[in-house]
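Chain nomenclature is as follows: A, B, C, D, E, F and G, assigned in order of appearance, with residue numbering initiated at 1 for each chain independently.
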Amino acid sequence: MELLLVILIGLLYASGIFMMLRRSMVKLIIGLILLGNGANMLIFLLGRIVKGKPPLIESSAKMLTEIYADPVPQALILTAIVISFGLQSFAIILVKRAYKITDTDDLDELNTTDEIYE
Amino acid sequence: MIIAILSGFIAAALIPLLSKIIKGKGSILLPFLPLSLFVYFASYLPKIGKGEKLNFVYEWVPSFGINLSFHLDGLSMLFALLITGIGTLVFFYTYSYLKGHVYLDRFYGYLSMFMASMLGLVLSDNIITLFIFWELTSISSFFLIGFNNDDPKSRKSALLALSITGMGGLFLLAGMLLLGTAGGSYSFQELLANGSLIQEHASYGWIILLVFLGAFTKSAQFPFHFWLPGAMKAPTPVSTYLHSATMVKAGIYILARFTPLLGGTTEWNTTLIIVGAVTMVYAAIHSIFRMDMKSILAYSTISALGILVFLIGLGTEESLLAAGVFILVHALYKATLFLITGIVDHETSTRDVTVLGGLRKVMMPVAIAAGLAALSNAGAPPFFGFIGKDLIYEATLHFGDWAYLLTGAAILTNICLLFAGLLAGYKPFVGNLPAEFSKVHLPHPTMWVPPLILAALGLIFGLFPVLIEKNLIQPVFSSLTNNDTVIHLKLWHGFNVVLGLSMLTLTLGVLLYWKLKPSEALFGKTLKFELFSPQTIALLFGRLFSGFAKFWTGFFQNGYLRNYVITILGFLTILLGYRLYQGVNFYVDTAKLTELTIYEVIVVLIMIVSIIFTVFSRSRLVAVASLGVIGYSICLIFLFYSAPDLAMTQFSIDTLTVILFVLVIYNLPKYKTFSKRRIRVRDGILSLFFGTLIAILTLEVLAEPLNRETSIFYAESAYILAKGKNVVNVILVDFRGLDTIVEITVLVIAAIGVFSLLKLRLKSIEKE
Amino acid sequence: MIKTKFLSNLLLSLIWVAITGAFTVENFVFGFALSFFLLWITATDRRDNKYFNRIPKLIGFVFFFLYELIKANIEVAYDVITPRHYMEPGIVKIPLDAKSDLEITLLANLITLTPGTLSLDVSDDRKVLYVHAMYVKDREEFVANIKNGFERRLLEITR
Amino acid sequence: MTEIIVIILSSLGALFILLAAVGIVKMPDLYLRISVTTKAATLGIGLILLGAGIYFSDTAILARVIAIIVFMLLTAPVGAHMIGRASYFTGVKMWKNSKIDELEGKYDTKSHKLKSED
Amino acid sequence: MKTIIFKTASTYLLPLLVLFSVFILLRGHYLPGGGFVGGLIASIAFVIHSFANGLEQTKSLIKFHPGFLMPIGLCIALLSGAAPLLVGQSFMTGLWFEDPLPVIGMVGSALFFDTGVYLVVIGVTLTIIFTISETL
Amino acid sequence: MNNPYIILPVIFQLFTAVLLLFFWFRVNAQRLITIICSLVSLGIAIWLLKEVYQNGILTMQAGGWKAPFGITFVADVFSATMVLLTAIAGMAVAVFSTGSIRNARLKFGYFPILNFLLMGLNGAFLTGDIFNLYVWFEIIIIASFVLITIGGEKAQIEGAIKYVTMNLLASAIFLTAIAILYGLAGSLNMADLSEQVAQIENRGLVNVVAILFLVGFGIKSAIFPLYFWLPASYHTPPPAISAIFGGLLTKVGVYALLRIFTLIFVPDAFLSNLLIVLAAMTILSGGLGAILQVNMRKIFSYLIVCHIGFMIAGLGIYTELALVGAIFYLIHDIIVKTNLFLISGLIFKLKGTLNIEKLGGIYKKYPKFSLLMAIPLFSLVGIPPLSGFWAKLFLIQGSYLEGQYTLIGFILLGSFLTLWVIAKLWSEVFWKDAKDLPKKINVKYFKELKPLKQWAMVIPIVLLAATSLYIGLAAEHIILLSKQIAAELINPSAYIEAVLGSKTTTP
Amino acid sequence: MSVYDYLYYIILPILAVSILIIFIRFLIGPKLSDRVVALDLLLTTGIGIIAVYSIITNQPAFLDIAMILALIAFLGTVAFAYYLEKREKND
């Protein structure tokens, strides 16, 4: 399964980047989301995956004894997911606003702030 | 001592506060600052004359060996007296010259600051401190040159001067640092103690190169000389003070100061001789075609500076003595001529020598001063200038194989300088007074007394060199050569070759004055040569540089986000790829992998297809929907691999994201394909390459053993110590609760951001 | 009104007990308090609706519903797994006797849940329910089936 | 005994879901797809969930399972109704062999008000 | 989307979902769940309600601007984290009541903290979604 | 030594922000709270630096969990200094904002967000946990997103798109790096990582991770060729916001680079050389960009890039001396750049434009302001003995001792370009005589402001100018501080011991 | 054959194949509504998978995820319906 996930992660990164390189703002956002998903999966996989053993302590037990999934990456991903949600919401609204103001989706037209003489 | 040096800065700081008083009558009090400093330094003359050297150390930045340590010996004494002495006169002169000027206070402020910097420069023993004061002179001169800042030319000149001297300053800084590092100390005295160490050091070449660059730019040596004529846009007192008597000599000072330490080598001497000789001849020839008094003086100053560099370069005891004397000679007559130019300009409103004439009839004392200065300049006996010129020829004649060539150059230079001196100091005052100048009258004594004093000194020192021989020139000589040979200054050496050369110079110079009349036409002809002048080349270089800047900036900061992204990612990819290729062995341990099941394969398959679908979909909504599928599939993977909390959260958040998209999708632009196919293919290749790198990296990491200390601790303590059974949640609210509080803060900020982005509409009055 | 609220409250407390899975008095009291609070928060103008009014009829209705569900599912399954389509779909207008929001909603949902039919919308004057059906052999019969089946039984419970 | 019940319930459930899956691909128009899938899936999932509830033989879990089923019964038809209705007035066509359409022309094109009479 | 069916269903869904969200919040320390998911579910409940009944209805239901929940939640989280500082212990050190409460289990600062998270998440989500809906 | 209160700079900022949220619509109350709280923060920061300077490295184990299991906060001299600088710059900007930021913006959370941003900065400086650093970075970027867009002007939005994209990209790379690091070392505690990473046998992988961190932080600190977002966006928001960005935001990236590449990854020859090349290119790019610009704030933006190069150069050389230079420059740059952007704000309020071709006559009309402004301008140039000068000494000497002669050339070039740009700016903006520009209706000019607001804009500039004078003239203090920091960085064992030393005690 | 094996080797694959089939509808559309319906069905089927998986792994906790899925799965449908309605009104 790891091999499949590795391919998946590579693909998520690749597609995220490909989308970020488009000129369309919406694609840019989608690219960022894909990239974020890729990073989350990467943390997940690199924390090493274990099937069907969530880090929950049995009601009768006091600690996890047998093999269990590493809870740390899970906590990290949770945090990362929530943070990306905040950032993505903001980014989506930013794009909406940009579209309203500039009336274009073409990022190539948003270059006045880089011009030397302004 | 420190008070003496800093007093100028203190005054400069106080002047803006006292501006009302200064703009009134108060400014007459200011010259007493340099005057008292002059007296203060002069009081040390006897001690210096006895060969004593005085040290004053004040701690400043001891941890880097930078202290306010001052060293008073002959050389610094000579400069200190010039700075304060001419300073006094210039301060007085300014009182009338800029009387009633709205920014008189500022002018005095800068002048005081400059004086203090200059004093600090010549008195510093610590070479870093020396550099600090060096830079301060550059910056105060920037303000002084740009004093008439309404005039674009004035601003341009200030900028040019600062650019050149500032650049030189940076080289000097590097040189000083190298020197200090190589010699193990920033104290000049300590460095001097291990002089040979430095001359043998591997960086010696770099050090002297950097010192030269600093000195040459400051002292307007060829090919860095061109800022100086422009700097004459400054008010005349500034030209007098900075650009003839003191600041430009800072470079000379440095060369002189470092001669005992760095000098004596072929590199040192040859460079200085060549640069000095070229400068003196080049500038001298340039000076004779000018018509503007200030321009004439500017070029003759450059030439004189060239002579000084040349003399230091010769490096013999004779030449160093000549240099020491010529510093004083030149300061006296050149300052005089500048002050006179100022008077002429001030009273007649022109400095064109072809127009001026007969002014002796209306301003006799000025004419006397001018005459004295011109004669000293000409090296006519019994003026101090004669002694100076004598010493120069003495030095060149005794310089081995190259004696004739060098002497010839010196003679040529001196002839031109003589001519220039006559043009500026003689021509305006003789002949008939043009009618338009008949109303011209003698200015306030504070203006004509200073040049007269200086000019008179040129005569007095010539007649009685003994006045300064022991207490001033002897110590200067000692500092320059680092030995105590006793010297004698004499006006009369008897009839010898040197005297003959002096006379030859005089004769030829006067002859030239007779024959060559400066005119617009002649000046115009010389301008043709400007095409090849260093200034033109420098400007060309500047233009090239600015073109390069435009290219570079336009290339990188091109305004296209995707180019930025591709640059960043390309950079990352190359580095990653290189590092992976270089140091990572590709290896997968299949035994460690978990088994594959059909449902997982299907989920992954769906994900892969969805990703491709998202990327290539032509509809925004479909892309969003398939993004949802990707998210939900991730959920399932989380679930299969024991992360129920993750699955829950991912699912809820994905749903919310979809809702968000759907809500705003109206206000989102339609999906369009902008880029060309070729670009898409290129991006695709880069993306896939990057993805592959990440994948390989992941595989490699998976093959490494993982330290499980942390996760074991959590598993064991979650319930016992933190009283929770869902370890992930315990981590979130307890073990790593700090992350969580930050992350909810992120959410809060994002919400506020969304709120303000959508709700805040500035009215036009509120925009800015 | 008070009775309705109380009933809702009670119902929610029971659901609370069910989802938490702890059948204890404390938990019930906690759930009651919680749902009381929630009802206060979410209070809107709801009309009189009675929950456990006709419990026997409710049970009967559940069985009727399950029967319809399974029967119709099999009917559809046949159509799905065989290559040919036997269906005769159409959108049919069903006049409503159900009046309250709850009645209409329940009816519509029940219709949707049974295979082959899908409540598309209720007219704005609440007189008609538009239903998409797979097997409209005879329009009148279809309407009558629904009116006599689901609607009648449902109204018996709710009224 | 429990095991057999679980096997039966889950088999039936899986079959219904498979049915829904085939249905959604095979059915010729959107309304039919909605029609077929909503309930088949709901029924199927309900059965599987019930199986799970029985398997764990814990009242708490059973209660939770029932709660899920109730939720689904509540939401699934609403969702079907929403998307069906929205599709109708966005002009999603019915299958060519459809018999009648009594909804035709009843929607006000602007306000989406739905009339009961012509 | 003024459909009676959805409206009615949402009226019943709202309390159900909020109830469920509280449940998820409270048991987070023992089983999957916690403040985040709880908060998300609660906000989804209100979002559904606003879809069905219009934003104004939902807002009048909540009675105050949901954004107000953000500082309150942050305050609760901050206080429960900072309380140990008063007794000279590190930020976020767990303080616990002696005995477990029914249903909830052990009550301690972690629970308060999670409640803070819960409220913040509701506040944030609703602020974002409502603001967007208002300015469509 | 353990001290639970070192988290105060963070908590207090959070407290302030939350308090401000409760006063959402009451703008004047927000102003008052902001000023008071920024003073308190300054007090806390001074206390912290004093404690650390006297007692050595202080740690706080969040939740009382021993390292590396909980999140550790570490206050060494470096962090404490950064916290203090944040407090100073933060206070200046806060006070300036009370005068310069319009009520409309204040009603939409300007002050709370500003305080959140400062909280994020403090958190990033104090944390000893790599993932926690990530979340602090996220606070910083989201707060900066909001600030850069607040008001929603066209230029703001255009700049923000680039700013947001690049920062999110950087975050993704950072997160990737953390994932791999955790996958390799199984730890998040930076001190622990320092030990764990050293034990990893597969050095190739370690190097790869280091590259990811370099690029992630490199984007945030705007080094070549990752800086593009900065000149595209920093000039677009209100000047007070540019000030906090210009002063602090890129520096937090530099801080992270300095921290990570001294504590966890010690640069090998390749990385060192890479850093040096990047530093040189950064200096060049920033300098070249700056000489072309005509908008004052864009000039400053490019200069930020240019001067980041100096700091990176110090890291690349990687000797104590060079690090002293980098740290000194960092300290100087925070104060001066903040002030320059504030000054640009003041000039805008005076003249209604920041185009240096249109500006002019300030020297004539406002001689006292001009003098005041000259201090930071020429401090930036590094006219000795002003603050910018000292750092260069160390950098040049450090480069020389390591034989990096070309780098010296670039440092000199960067200094020269800065000198030229500032001199030109002075000549254009201050000296040149300008016609009165037509009044803009959408600008509230300085003269139209109430005296209280006028003071609110001038006092921070004065204070920062005084600070930069202090840095320059009392350089000894700053050098001692920088030396201590550099020593800490070069030899992280004290840091590691302070964090992990308590391993035996029970939580 | 135990319940475990039965679920693991028969039921789960059936559900997975169902998902795959449904996904085909998602891909081919043709209308947005078709995709939405497919998405909804995907999620519903996901609930089933979760339930089965919870039995296989003996983790009743997974049922909670199923519960959340059940609760908010239809929200996506509602949102898309909302969008379609808006689109009609606006165009």
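Definition applied: a residue touches a chain if its C-beta (ideal position, glycine included) is under 8 Å from a C-beta of that chain, and two chains touch if they have at least 3 such contacts.
Listed by chain with UniProt protein names: A = Multisubunit sodium/proton antiporter, MrpC subunit; B = Multisubunit sodium/proton antiporter, MrpA subunit; C = Multicomponent Na+:H+ antiporter subunit E; D = Multisubunit sodium/proton antiporter, MrpG subunit; E = Multisubunit sodium/proton antiporter, MrpB subunit; F = Multisubunit sodium/proton antiporter, MrpD subunit; G = Multisubunit sodium/proton antiporter, MrpF subunit.
In this text, all values refer to a predicted model and were calculated from it rather than measured experimentally.
Engineer: So which chains count as neighbours of both chain E and chain F?
Structural biologist: The shared contacts of chain E and chain F, listed by label, come to A, B.
Engineer: Taking a step as a move to a touching chain, how many steps at least join chain C to chain G?
Structural biologist: 2
Engineer: Applying the document's contact definition, name the chain pair with more C-beta pairs in contact, A-E or E-G.
Structural biologist: E-G
Engineer: Can you figure out the chain closest to the middle, judged by Cα centres?
Structural biologist: F
Engineer: Average the CA atoms of each chain to get its centre, and name the chain whose centre is farthest from that of chain G.
Structural biologist: B
Engineer: Which chain has its C-alpha centre farthest away from the C-alpha centre of chain C?
Structural biologist: B
Engineer: Based only on mean CA positions, could you tell me how far chain A sits from chain B in angstrom?
Structural biologist: Centre-to-centre distance between chain A and chain B: 49 Å.
Engineer: Between chain B and chain G, what distance separates the C-alpha centroids? Give it in angstrom.
Structural biologist: That pair's centroid distance is 70 Å.
Engineer: Based only on mean CA positions, could you tell me how far chain B sits from chain C in angstrom?
Structural biologist: Using C-alpha averages as centres, the distance is 86 Å.
Engineer: Residues touching two or more other chains, restricted to chain D: which are they?
Structural biologist: 22, 34, 42, 58, 61, 64, 67, 71, 74-78, 81-82, 85
Engineer: Check each residue of chain C and list the ones that touch at least two other chains.
Structural biologist: Touching at least two other chains: 15, 19-20, 22, 108-109, 119, 121-122, 124.
Engineer: Hunt down the residues of chain B that sit against at least two other chains at once, touch-wise.
Structural biologist: 550, 553, 557, 559, 561, 565, 569, 597, 640, 644-645, 648-649, 652-653, 655-656, 659-660, 663-664, 666-667, 694, 698, 701-702, 706, 708, 710-711, 714, 717, 725-726, 728, 732, 734-741, 743-755, 757-759 - these are the residues of chain B that touch more than one other chain.
Engineer: Which pairs of chains touch each other?
Structural biologist: So, checking each combination of chains, I get A-B, A-E, A-F, A-G, B-E, B-F, B-G, C-D, C-E, D-E, D-G, E-F, E-G as the touching pairs.
Engineer: Sort out for me which residues of chain B touch chain E in the complex.
Structural biologist: So the residues of chain B touching chain E come out as 644-645, 648-649, 652-653, 655-656, 659-660, 663-664, 666-667, 722-726, 728-730, 732-734, 737-738, 740-741, 744-745, 747-748, 750-752, 754-755, 758-759.
Engineer: Taking the touch rule as given, give the residues of chain E at its contact with chain G in the complex, in rising order.
Structural biologist: So the residues of chain E touching chain G come out as 1, 6, 17, 20, 24, 31-33, 37, 41, 44, 47-48, 51, 136.
Engineer: Under the stated contact criterion, what part of chain D meets chain C in this complex?
Structural biologist: Against chain C, the touching part of chain D is residues 16, 19, 22-23, 26-29, 31-32, 34-36, 38-40, 42-43, 58-61, 63-64, 66-67, 73-74, 76-78, 80-81, 84-85, 88, 94-95, 97-104, 106, 113-116.
Engineer: Give the list of chain D residues in touch with chain G in this complex.
Structural biologist: Touch list, chain D to chain G: 3, 6-7, 10-11, 13-15, 17-18, 20-22, 24-25, 30, 33-34, 37, 41-42, 44-45, 48-49, 51-52, 55-56, 58, 61, 64-65, 67-68, 71-72, 75-76, 78-79, 82-83, 85-87, 89-90, 92, 109-110, 112.
Engineer: Please give the residue numbers of chain A that touch chain F in the complex, ascending.
Structural biologist: Touch list, chain A to chain F: 16, 20, 25, 28, 32, 35-36, 38-39, 42-43, 45-48, 72-73, 76, 79-80, 83, 86-87, 90-91, 94-95, 97-98, 101-102, 107, 110-114, 116-118.
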